[in-house]
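Note that the chains are named A, B, C and D in the order they appear, and that numbering of residues resets to 1 at the start of each chain.
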Amino acid sequence: MELNNKYIHKVQYYETDRMAIVHHSNYIRWFEEARLDYMKNNGVDYASIENKGVFMPVINVNCEYKYSAKFGDWAVIETNLTKYNGIVMEFSYVAYLQDTDVVLVRGNSKHCFIDENTRKPVNMKKRMPEEHEATLRVLENTNNI
Amino acid sequence: MELNNKYIHKVQYYETDRMAIVHHSNYIRWFEEARLDYMKNNGVDYASIENKGVFMPVINVNCEYKYSAKFGDWAVIETNLTKYNGIVMEFSYVAYLQDTDVVLVRGNSKHCFIDENTRKPVNMKKRMPEEHEATLRVLENTNNI
Amino acid sequence: MELNNKYIHKVQYYETDRMAIVHHSNYIRWFEEARLDYMKNNGVDYASIENKGVFMPVINVNCEYKYSAKFGDWAVIETNLTKYNGIVMEFSYVAYLQDTDVVLVRGNSKHCFIDENTRKPVNMKKRMPEEHEATLRVLENTNNI
Amino acid sequence: MELNNKYIHKVQYYETDRMAIVHHSNYIRWFEEARLDYMKNNGVDYASIENKGVFMPVINVNCEYKYSAKFGDWAVIETNLTKYNGIVMEFSYVAYLQDTDVVLVRGNSKHCFIDENTRKPVNMKKRMPEEHEATLRVLENTNNI
């Protein structure tokens, strides 16, 4: 199986700041866009997981800024699942300009799973075995690249 | 009773855009900040209303832009409750620079009340008589200014 | 000429709020996305206008909320140029769910043109005749629909 | 000299997401609010630095999430300058709930200095000796705590 892990984001005017570049906080949002799209494309729909009562909050995020995106640019965000064990989940990201391949940012994020009501951690292997297996398959395919 | 309807907002860097001014969508957020602060200061705590299962979505918003706020500016947003009947609620706003009184924007918003679960309209007079009475008092005091 | 005035926006998780729906301020941003895309598709590239030293600030915006978009929804925003004379420019918008055609919001916005440095109004007919003519053609085609 | 490094942020409704907590990207914005406030309170006004033609972009940001802030909470963000040499600048942050001291997030950010026009790195020691000295004093006072 080939993973579809390239997500396209068009830079919006409202994402720019006084420096005339994308405000640094927005790349954290792009990571979220790309992560959820990547998971869904590979069989794990986060909207459906939430509808069954589980949230996936962020417990760590890191972003290294290499080059500044500007209004009108098109960015590609490549996501990879780098760790998953039913308890925690980690992703790495690289975003670059679609036209030139110039790298904009590199980053990663770490997540856990909690119950919507109790807000206590849940083990996805027990709580949602189907989504758990689908996620393990994504991890396996990522490692095989 | 004198209404405390002046809310102070410090313009943040991340609120600016490529024009080096506050992005126009942020004033809609300032209206929300000011509205919720105004209600709370006058005895109607929206967080508490939500915790009892009622949401207050926006059904109309309008904003007229007169002058541009910049990073580092301090703005004052004056809110007034202009209509309330237990079913719908309307506010007017004017934001100006704290130092110079130069008007930044004028606007208004209209809201209704819905149940968190059914998402159906609720009548606050029946559902939350205490908050209803408190809101009527705010309306009365506004009209007496 | 047929105008391409349908813009697709995928609802992002970070656009939702505590009500589990898109925060009302974000529709104002969608209007911007749709407006700039619409203009560019029809031969008027705002990025290029800015690079030549003219900004197009918003002087009025209005939005009527009919139905709430949720995370995972796909929205279509239809934009129409409703007025243009080289000094001011007006657009109308309607956003609806792609799957069901249910209307989310209706709105409009009014804009003027200012010089980047002086921040004084400019007449596009004199300052950028080519973009002025292109915009008049968009207006004409809109009216002929 | 005692450093004033405590910044108060009131959690806004529009900062919350579908999980009914502050969206994780917003803490990155709080860091910015706190950092600029901290610098200004200690004699280094970023607005003034920008007006003299120097930008201070972010080159790395990290955030560890410990507890979730909710609408209506008041957060305190403590900032410390941890490195500065005229070329790069680093800050650490901790945000906690004002009422309970419960830690929300810990993070840090790294910055450089660039010329507004050339976008090339500048050495603040040469370009703005006064601001450079003021920043060194902040660093010294931080280290003496």
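Some points to look at:
Definition applied: contacts are C-beta pairs under 8 Å (C-beta built on N, C-alpha and C of every residue); 3 or more make two chains touch, one makes a residue touch a chain.
Predicted, not measured: the structure shown is a model, and the values here were computed from it.
For A-B, the equivalent interface within A-C, B-C or C-D is the one where over half of the contact pairs agree by residue number, namely C-D. Set side by side, A-D and B-D show the greater C-beta contact count at A-D.
If each chain is reduced to the centroid of its CA atoms, chain A and chain D end up 25 Å from each other. Once the centre of each chain is set as its mean CA position, chain C and chain D turn out to be 34 Å apart. Rounded to whole angstrom units, the spacing between the C-alpha centres of chain B and chain D is 29. Residue positions of chain C touching 2 or more other chains, listed in rising order: 13-14, 18, 25, 29, 32, 50, 71. Considering their complex, residues 13-14, 16-18, 20, 23, 25, 71 of chain D touch chain C. Across the interface of their complex, chain D is touched by residues 12-14, 29, 32-33, 36, 45-47, 50, 71-72 of chain B. Chain A meets chain D in the complex at residues 18-19, 21, 24-26, 28-29, 32, 50, 55, 57-65, 68.
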